[in-house]
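Each of the next two complexes has chain A plus one more chain, namely chain B in the first and chain C in the second.
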Partner chain A sequence: MAYSAKVLDHYENPRNVGSFDKDDRSVGTGMVGAPSCGDVMKLQIKVNEEGVIEDAKFKTYGCGSAIASSSLLTEWVKGKTLEEATRIKNSDIAEELALPPVKIHCSVLAEDAIKAAIADYQKKAGA
Partner chain B sequence: MSETKHPIYLDYAATTPVDPRVAEKMMACLTMEGNFGNPASRSHSFGWNAEAAVEEARRQVAGLVNADPREIIWTSGATESDNLALKGVAHFYRKKGRHIVTSRTEHKAVLDSCRQLEREGYEVTYLTPEENGLLDLDKLKSALRDDTILVSIMHVNNEIGVVQDIAAIGEITRERGILFHSDAAQSAGKVPIDLAEMKVDLMSFSAHKIYGPKGVGALYVRRKPRVRLEAQMHGGGHERGMRSGTLPTHQIVGMGEAFRIAREEMAEENARLLKLRNRLLNGLKDIEEVYINGDLENRIPGNLNVSFNFVEGESLIMALKDMAVSSGSACTSASLEPSYVLRALGREDELAHSSIRFTLGRFTTAEDVDFVVETVRRKVDKLRELSPLWEMYQEGIDLSKVEWAAH
Partner chain C sequence: MQPPLTKDYFSLFGLPIDFHIDDEELTARYREMQSAVHPDRYASAAAQEQRISLQMAARINEAYETLRHPMSRIRYMLELKGVDPRQADSSPDPAFLARQIEWRETLEEIRESGDPGHGLAALSEEAGACIATLLEKVAAELKDDARLSSALTHFLELQYYYRLLEEARDIEDMLEQGGPGRT
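On to the complex of A and B.
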């Protein structure tokens, strides 16, 4: 399978790998996918008092395209408000990384991950 | 000092390069100046010379497995040999019975031939091997019926390299008057085979797995007691009517030379490969959560099949771009299909997804192995740093109890 230069770049040099304390009130965690399906993505965002994503980290078990999709996403969400981050579409990720049709599900998973992370943060903030 | 070439070839079970000694013999059978004649031509020396070369190769192939040269039938490869053995026997003995016994970890050439025979009305029993890949012979015994005409069990498995006890299986089948076929594509030249002793009735061989050319193979068909076949390829009546088609002298001569070399060098080569394989194994086995697939004792020296838990197979193959290895998970579409062989052994999907097959051969060096060990360790570490599953495992979370958001 041929990967685009951008996928290879994110795969070789993934950005923002790591974890935040998931119990920290300023952190939202989204975990999507399943091991038996071959991909699991964990995305975490750190949100400041103005509702802006200050920092983001990820860990992904999956193919090169899944790793690249989540790595790219962490770059994109930094500096965005929660509202702006929810507007990121999987098609934007797929286009940026030039994902082939069989790998579109990786970008869908990334969109699910940011939505799940935001939901987790809002649930904690509301509690 | 030899410089290590990249990518390093570690996929000898898929195919091997032709040995230069083999290539030289083959080249002498192609051009006007060479031995290009049709071995079936009876009216001139071109034909006679080609026939002599073919018969010399037949003796060389028979020599490796201690058979009578008249028991060797040339084919286009092990796939054709498997097809001819299964369908040929089933069709010839259809009046005697319609039941065949094989195993779930056979090569597709056997499994798909069985599927075809099922469509024709035959019944097939597929045995499940034990967790180590080996068959429980008591289970095989109890699968035999009065209408069983054929048992087909491979000698060495292509994915995990385990060696089945075909001598013992032959004793069981002979006693019951059932024919026994064994696919030896992965074993000839790697495991001693003595067909004068072993009660194997049909055996498939390939040239390109042991440094011969692609496109040629052979089927051993026992003469005493005589085994009959219905031909699958009709034409000029070559190979005593069992397989028509002009014999490709250069291919056959190449296979003969490859088998001659294997007979002479097998013992030495096996000792060398076992050392290299153990060097690879020792370099990898202390990594946490690493699983060896298939029995280590009853196994050819050149094969190592390993699962690296919490690392996804396709991303690992991508990371190992400096080496040619194969993965148990062939990514043909959006979803990974884990190997049917590892599944038959009862390996869970996650471990089957994360398996890598390393197969070493004649041109593998200790430097190659050291490079592979160092690279694999580094890449597995890197991918685990990226893996949320590895993180959860280290936190002591039981992944089988997590409720995953299926997608």
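On to the complex of A and C.
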């Protein structure tokens, strides 16, 4: 299957690959997996005191579309408030990357990952 | 000739519905049945019989392919119990995922180092052992309707382990062929 130019761009030059210390209180970590293909994704956000996402990093072990979805998402969430970040939909990612129907689940994985990261951060902040 | 199209795949081969099957027995039954319904045998038969023999041959092939591999066998056994693994979209627990990610990170380091001595064999062995343990769990759970949800959870976990093992084998092949730097 041919990947779109945007998927290839993110796949060949992924943005924000890496990790933060998951025990840092300002860091939220979201880990998700796609049981149908065994892809795994870790997405982390670093949140400042104003509740704005200052930085984001990811590690995705999966297909090009899964890597591109998480790479794009880390770019998008930077500078957004947590509330704004929760409003990002998988369909926005799929549209931007022109994902074919069989790869939509990769964008769903990315949306689940950011939601999980935000939930993790909020749980830590509330604790 | 009666087309046993409604039978489950195990009964089709005269086997009990059980995860543990004798591979040789399965293959022997498959070959017997396949030759019994082979379309060549029905070359001069009525159109109706020819059609049925074709249908049966296709079904026998499908059944054999499904039962031959442990994962498709489990998937089929879950489906027989009315559980559709494709409907399960839940992520496994964070500790499990964290471990999977760690393993994938280790594999990445091995690939980048170009040196399989960095524990590739140990990792494959460990993943293989986890797969064997999980397969045994699923085999037992599939016999007990009260434990079907555990069977499904373990089936989903197995998909990650098989993916991991596949990745490890790819790296092994790549390194055997001379590493990433050479072509």
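Convention: the second predicted complex is superposed on the first by the 124 of 127 C-alpha atoms of A that agree within 3 Å, B and C clash if a C-alpha of one lies under 4 Å from a C-alpha of the other, contacts with A are read in each partner's own complex, and residues count from 1 in each chain.
As a convention for this text, contacts are C-beta pairs under 8 Å (C-beta built on N, C-alpha and C of every residue); 3 or more make two chains touch, one makes a residue touch a chain.
As the structure is a prediction and not an experimental result, all values here were calculated from the model.
In the overlay, answer first, second, both or neither for which of chain B and chain C A:45 touches.
A:45 sits against neither chain B nor chain C.
Which partner chains sit in contact with A:97 here, chain B, chain C, both or neither? Use first/second/both/neither.
So A:97 meets neither chain B nor chain C here.
Return first, second, both or neither, reflecting whether A:72 touches chain B, chain C, both chains, or no partner chain.
neither
Answer with first, second, both or neither: which of chain B and chain C does A:82 touch in the superposed model?
After superposing on A, A:82 lies clear of both chain B and chain C.
Just to be sure I read the superposition right, which of the two partners does A:112 touch: chain B = first, chain C = second, or both, or neither?
The answer is both, since A:112 touches chain B and chain C.
After lining up the shared chain so the two structures overlap, which partner does A:35 touch, if you call chain B first and chain C second: first, second, both or neither?
both
Report, in rising order, the residues of chain A that make contact with chain B in one complex and with chain C in the other.
In the superposed arrangement, which is not itself an observed complex, chain A uses residues 31-33, 35-40, 42, 59, 61, 112, 116 for both chain B and chain C.
So in the complex, which bits of chain C are touching chain A?
85-86, 88-89, 91-92, 94, 97-98, 100-101, 104-105, 108, 156, 159-164, 167
Chain B touches which residues of chain A in the complex?
Where chain A meets chain B, its residues are 1, 3, 11, 14, 17, 19, 31-42, 59-64, 66-67, 102-105, 108-109, 112, 116.
Would you pull the chain B residues touching chain A in the complex into a rising list?
Listed in rising order, the residues of chain B that touch chain A are 310-312, 314-315, 318, 329, 331, 333-336, 349-350, 353, 385-391, 399, 404-407.
Going by the contact rule set out above, which residues of chain A touch chain C in the complex?
Interface residues on chain A, with respect to chain C: 31-33, 35-40, 42, 59, 61, 112, 116.
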